[in-house]
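All chains are identified by letter, namely A, B, C and D, in their written order; residue positions are counted from 1 within each chain.
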Amino acid sequence: MKSVQDRWPHRDPLDDTPRLECGVFGVYGVPEASAITALGLHALQHRGQEACGIASFDGQGFHTERHMGHVGDAFAGSDLVERLPGHVAIGHTRYSTAGGSFIRNVQPMFADLESGGLAIAHNGNLTNFLTLRQQLVAEGAIFQSTSDSEVILHLIARSRRIRMVEKFIDALSRIEGGYALVAMSNKKLIGVRDPLGIRPLVLGDLDGQAVLASETCALDMIGAKFVRDIEHGEMVIIDQDGIESLRPFPAARARPCIFEYVYFARPDSVVNGRSVYEVRKRMGRRLAQESHVDVDVVVPVPDSGVPAALGYAQETGVPFEMGIIRNHYVGRTFIQPTQGARELGVRMKLSPNRSVLAGKRVMLIDDSIVRGTNSVRVVRMVREAGAAEVHLRSASPPIKWPDFYGIDMPDRDKLLAANHSVEEIAKILDVDSMGYLSVEGLYWSMNSAPRDPAEPQFTDHYFTGDYPTRLLDREIAEGRNDSADRQLSFLVDA
Amino acid sequence: MKSVQDRWPHRDPLDDTPRLECGVFGVYGVPEASAITALGLHALQHRGQEACGIASFDGQGFHTERHMGHVGDAFAGSDLVERLPGHVAIGHTRYSTAGGSFIRNVQPMFADLESGGLAIAHNGNLTNFLTLRQQLVAEGAIFQSTSDSEVILHLIARSRRIRMVEKFIDALSRIEGGYALVAMSNKKLIGVRDPLGIRPLVLGDLDGQAVLASETCALDMIGAKFVRDIEHGEMVIIDQDGIESLRPFPAARARPCIFEYVYFARPDSVVNGRSVYEVRKRMGRRLAQESHVDVDVVVPVPDSGVPAALGYAQETGVPFEMGIIRNHYVGRTFIQPTQGARELGVRMKLSPNRSVLAGKRVMLIDDSIVRGTNSVRVVRMVREAGAAEVHLRSASPPIKWPDFYGIDMPDRDKLLAANHSVEEIAKILDVDSMGYLSVEGLYWSMNSAPRDPAEPQFTDHYFTGDYPTRLLDREIAEGRNDSADRQLSFLVDA
Amino acid sequence: MKSVQDRWPHRDPLDDTPRLECGVFGVYGVPEASAITALGLHALQHRGQEACGIASFDGQGFHTERHMGHVGDAFAGSDLVERLPGHVAIGHTRYSTAGGSFIRNVQPMFADLESGGLAIAHNGNLTNFLTLRQQLVAEGAIFQSTSDSEVILHLIARSRRIRMVEKFIDALSRIEGGYALVAMSNKKLIGVRDPLGIRPLVLGDLDGQAVLASETCALDMIGAKFVRDIEHGEMVIIDQDGIESLRPFPAARARPCIFEYVYFARPDSVVNGRSVYEVRKRMGRRLAQESHVDVDVVVPVPDSGVPAALGYAQETGVPFEMGIIRNHYVGRTFIQPTQGARELGVRMKLSPNRSVLAGKRVMLIDDSIVRGTNSVRVVRMVREAGAAEVHLRSASPPIKWPDFYGIDMPDRDKLLAANHSVEEIAKILDVDSMGYLSVEGLYWSMNSAPRDPAEPQFTDHYFTGDYPTRLLDREIAEGRNDSADRQLSFLVDA
Amino acid sequence: MKSVQDRWPHRDPLDDTPRLECGVFGVYGVPEASAITALGLHALQHRGQEACGIASFDGQGFHTERHMGHVGDAFAGSDLVERLPGHVAIGHTRYSTAGGSFIRNVQPMFADLESGGLAIAHNGNLTNFLTLRQQLVAEGAIFQSTSDSEVILHLIARSRRIRMVEKFIDALSRIEGGYALVAMSNKKLIGVRDPLGIRPLVLGDLDGQAVLASETCALDMIGAKFVRDIEHGEMVIIDQDGIESLRPFPAARARPCIFEYVYFARPDSVVNGRSVYEVRKRMGRRLAQESHVDVDVVVPVPDSGVPAALGYAQETGVPFEMGIIRNHYVGRTFIQPTQGARELGVRMKLSPNRSVLAGKRVMLIDDSIVRGTNSVRVVRMVREAGAAEVHLRSASPPIKWPDFYGIDMPDRDKLLAANHSVEEIAKILDVDSMGYLSVEGLYWSMNSAPRDPAEPQFTDHYFTGDYPTRLLDREIAEGRNDSADRQLSFLVDA
């Protein structure tokens, strides 16, 4: 199991946020498709801030650029359309290590297949990645990355089917996990959502042309209209004749990831028909119903805790205040003077607003708590600013199980709630009271029927341990992949 | 007058925020002074995001680095203390053009005077800069920049006084305007605030050692205690014997810049004894008292409008909602596809949260309105998201007069409120109602006595036209300086 | 046929030198193998100046760096051994376009095969590259480059044999052309020279450990002793047990490339047992015997014409003078002022030494003449410097046929001697007399028996049209590969 | 005295060549003056390879770019004329440290004086630099560099004269040393050669417009005609009315630097009316007359030893052979593997050509010997290549005295010939015989009358100790300047 987790790069141990691998975007039939894609990716920047890429097709050839860093740095500039010409484009934004070597893992991935070029980008994770990669290497495939997308490309390249779409479906039949894919051939734009719809993908309309994006906020950015969610297990094939919808997988009930609502999606996005902002406010409201205590102010841990804190404040009538100020200019690798500035990590991102906190009983609202390292420091900062009491509420249930569908979380032994009771957690975090939203409360916040244990409506294993698919790679020996990763990581092109 | 304004670089015409020239920081007597300074500058990043510099002294020599870009990019990294060793350091963060040529204007400025090295950095603006520069050039001075700091350095270098401090005071006696200075010789750290205290400067205590900073948030960042404001017209000289306070200027009544509270200072800072956050909330409260109409939601224009919107909502009981989401990843020079995406500029920074806005009567709260270009686009975005009514309130009075003390604002003919009545403005901005805070309300929000027209308590000419000092450069012919600027701007070192 | 030529990047049309694709180097069993390799590549820089790469193996994993630019820029620096640790390394230097996109074509190429990692680098050209690449793509192989090395890697990866060496031999059995290969697995260093020994490869001894290099000058650089040439059709396998020599190809008579002596190899190298410098001097001597006329000075076109000019001068007793000075600081893409500086291209590299040329009858000696564009300009420069007569001699026979074994030459219709008689050439170049070495003279200069038309001793088709192997790709339709090239060329990783 | 020497940056101790500080170039009245200047500087690259700069004037303003690195890297590119527009330009190429901080020392230097802008560049050295700098700092001047040019700029800026030319002459009256200056105001191009004409400067004609350059090779490069040398102590003022010649200094006899002929100037240049190539050949011829022994081959230490070796060979009839091959691709900071590669430094630049050296009695000809470190290694390399005997001749007399006029040489205690007899030197260098050209021979080689000890015809103190001017700075205490240098060296702009 470790080898799966190890595919994510190591990061600042003080950084305690869960992370998504990726946002995807695609557009067909518009002039300056790469500029539209850059804007869409900019709106999806929160889904992956460390690398990004765009591939375009101009009727003659494919053009691809992949960069470390933000979309606004990589794809701003007036010559973008010259660099990436064409009327079709797909794009990707992802997390990755800072090292230049990992540029090979940045998407879109491109291959020059016998039937023509194909570019592909995905959000999510294949749970049988290692299994497939080993098989492919044994068959003579040469990998340039450790990316899921490259596995899919090899499966397509080796398919015995004739037409590109058939090869694609052939490949899809072999992969498992949670994913949203966008792909582009010299004729078509393709979008696929995994059989359970774990990862999101929406269809938009830009002046009559089709757009695919991980979230609706990308449609808003480019001025496109939201048409509908791509359905779970649906494959859409977009070309000059319009949009064709296929169902290449066995029928299954949808089970979208509930963590998109808790943390990942932007509050102004509508995911699977629900406003993320409204769901988060309901989480705060329900939290107040479940575990309110008497306080003077409700203070969000910014920014993701804001909607839940507003819901909490509105439900209780306690004033909502910005008691913690977020610094917009975060330098991740800032030097830390040796003289004991242990609290520096949190201070660089968050500052206490003393006038709101001093002498007050403070109810802190956070969206979720993973390892608790960040919470410890926020609580201490609030106490040092003079708070009389500090209470903490998590707008999601206790996180007890790791993810294998594209969310970067620590191993189970690092998950605070997997190893401690709520009372212990209150002591560890040094709060006067601690509370989590219940799983029932979470489903209520979703405006959903109560959770059906036999067939849950959402992917929610982080809270329940109930994984929506089998996890094939967990049973595989790990040495092989480790070395593959390590070797690739030492390739530097400059 | 144009030549004065022209000293600021041109910027995105869609960017309608006022801008400060600069934050300053200094620390004396600590190991790793440059690392402390980098952190302090990071907390002052909002006062100038386009360039930054640090100078340190290690007992033997001076070390200076100046960079375009953010503090976190320029001064992160584990070798900072090796690059900039020493126990004394000053730092600066500023606005500047993107062009590499302006690196020469980046501070701190350093000169190797006969009495030894001197580094200097300032926030603010000299109103007799052109006059002094012309005199100095006529006397044979060679300028390397168009920075006020260099004028001060030349005045010090040419003073006939013997001791460095006396030379410094000699130079101060010749400059006019609003400024906060930090300087560092091989023996001392010096801080100066202009005679009226227009620009802010505070004194902190870091484990018994003195710290100077533009705002208290920089003290919080490094874990220093706030001691007091440097007073208007005060010069503090810090060395191993402690802190000496001098009064080199004729006595005058303080008149600090009120715009620090309206927009510039961070909400968690305490400026001249007042919490910026609390002042802003009172602005919102007073605004509600002065011009409330019946609405469904109160929505701030993020982020600077948030405290006033909270005050407004608390005063009226109307729900506060995050109806506009700020994108944290702003690419300033993003390409704009030609196909009519006129609203793109605002969308890249702000997104409508449809679930909050659709069908609602919306009260938008902004901190201030300069040219109105941003407001037009925000209002249109809110309308397109389905708002039933859109009302707009400015938490400051109408801005009618330009600034000459370090704030970058357009000429008077571009200031919306200088050329239009409130009714006209409502039409221009396409709002159902428009309101500004009154000047009386602004003073009330400051917890101040009513404005004394004979001797106003604050620098407030943006609203009143009542400038606190004479403006010598306005009377000077402009050609000379223009050419100086142009020539320097074409010097590229690479 | 065009598609084969098109694999080489376009370059300055004024640049009229033939170009080699590449130098290779490998070393086994030494500490700091990458530093040794960097030095070896530095000595081979003349074989490819536009990109370079090194792969090392440290007992655990492989480390690869590939860079655009010179070896001295890419692999200088004290951290090289940390970046590329290990006791085995191979390296490569090559020509390539300046565009960053071609970094994917830079060698060594690495693949993580089922049997472990394999890095490979080659000098030369496969004459069935397109044929093999098409077959491999049809079988599902995904290519990342347009390099011959990647074809070989895929052939190895797909071989059904068990052991790495067997797979390697299996792959060799399918490739055709002229090449020298070095490869490195986690156990072995491998060197291969094509069945005819067209491209050179030598074995050296560095303190008892094996070294492979394209030329002996690389052995001199690292202080290694020359052991012997790798023989035509020989494969050497070097590991901790020593050196094993295999003969994987059908027996054939050696036929090394004679152009190595004419132009490519460094004069201090010994190639196939012959001193390059001595061969070139003999070319000059024979040239004098074949076509001397009465002149005052013998002037080489520097630097490659120097040895032949010395031989010519010694044979005739006419003084040898440096009548043309080579500028060591060549800026290839220098701007050319519009005002008529047509001769600028040559002047930037070569300057006339007037004191030697004015009023003299000048015998210019060049190593070879390809298109003649450079010769026209050199002759004009010498005339403008006041020469009374200008005679030109080429130290090689007329070049009439293009190459397909790793030399970058223009198409036949651009080869001066393929389209014009010697008399016509004299007029085109505006010389008082023109002469070429005869093919007989060339063989004499090699100290060889006269050319055996049935089984020529050297690869000499540039002069004779007698190609040493079949040229499979010439019969293939070209569209497919063109598009592959174009697509890859637009991939930018940054 | 040390402080004077210390103004030159430290460099590779294995690098034993003397170095010139700088080449200068200027052109008036041509379109695309900066492109012409870039070409001229390219031809002067040998006079300074580490930094370069160009300033242009377009009728409105001045444009300056200064770069570390070669001219071909800094000023190639098709946008040069847009970056540096105008019909007048001056340029400079110089040695400097690799550190970015020294960009401030790169020329041209520019100042915005009261009378308008002035850019200046110089080759040479002021012998009263420290004296003047101290005086200027005491008067309040602020220095940005440690360059002589900035001293001159300050002197001009402070002159009480009215017209620019008068100010310039006023400044010239205060400086001492050897120099060639080019300067550019908004009206004029100015050239000055020091009173003794120590450093060279020539006047050329480009289609009727004036050109100034350190050497005639720069005129050849741009296709300009050589007009005449600027005379010693002459100031030429070029504007639209033509060329005016002034004599601002007291009359003196010319005494140009003889080292230009020995080493610095390009062989194809004509300096003070003498062909450098011919002078060098005469040095070799005379050397043969003075100290020939029986040998088999004459081998130059390339490239600067080539003409003298040709003269030697022609005089003696012994064959001239390229027994040492120079590598054109020199990586200066190349890593040196720890395993004993002590000879690596020389091998990276020079390789033995064994076929010429093995078994032969070799006469090595070098242009000059400074510390001897390079000679030791060359001799050892030739011996290791199998030479039977190795004899060494220096084409210049023993170097015994340091320079203060712009040549970078080590202190006297490092000069080999200052501390050892010829016999000792033969032992140190391990040669079978050693010989130096005599001073008489040197003057003979110049086609000059015998040296007049009362009033020598050339600046030749390196050989004679007879300095042409007083050396004021040698008497000054050194601490002050050291600190100035150090402080400036730690300023980094990025």
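Rule of thumb we're sticking to: contacts are C-beta pairs under 8 Å (C-beta built on N, C-alpha and C of every residue); 3 or more make two chains touch, one makes a residue touch a chain.
Keep in mind it's a predicted model, so treat the numbers as computed, not measured.
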item	value
Most remote chain, CA-based centroid, reference being chain A	D
Cα-centroid distance, chain A relative to chain C, in whole angstrom	50
Mean-CA-position distance for chain B and chain A (Å)	36
Intercentroid distance (Cα basis), chain D paired with chain A, Å	62
Residue list for chain A, restricted to those that touch at least two other chains	none
All chain pairs that touch each other	A-B, A-C, B-D, C-D
Touching residues on chain A, where the partner in the complex is chain B	30-32, 35-36, 38-39, 42-43, 45-46, 49, 70-73, 75-78, 80-81, 207, 217, 220-223, 266-268, 270, 275, 277-278, 303, 306-307, 310, 314, 319-322, 325, 327-339, 341, 343-344, 347-348, 351-356
Partner chain D, residues of chain B touching it in the complex	60-68, 74, 83, 103-104, 106, 110-114, 117, 137-144, 150, 153-154, 157-159, 483-484, 486-488, 490-494
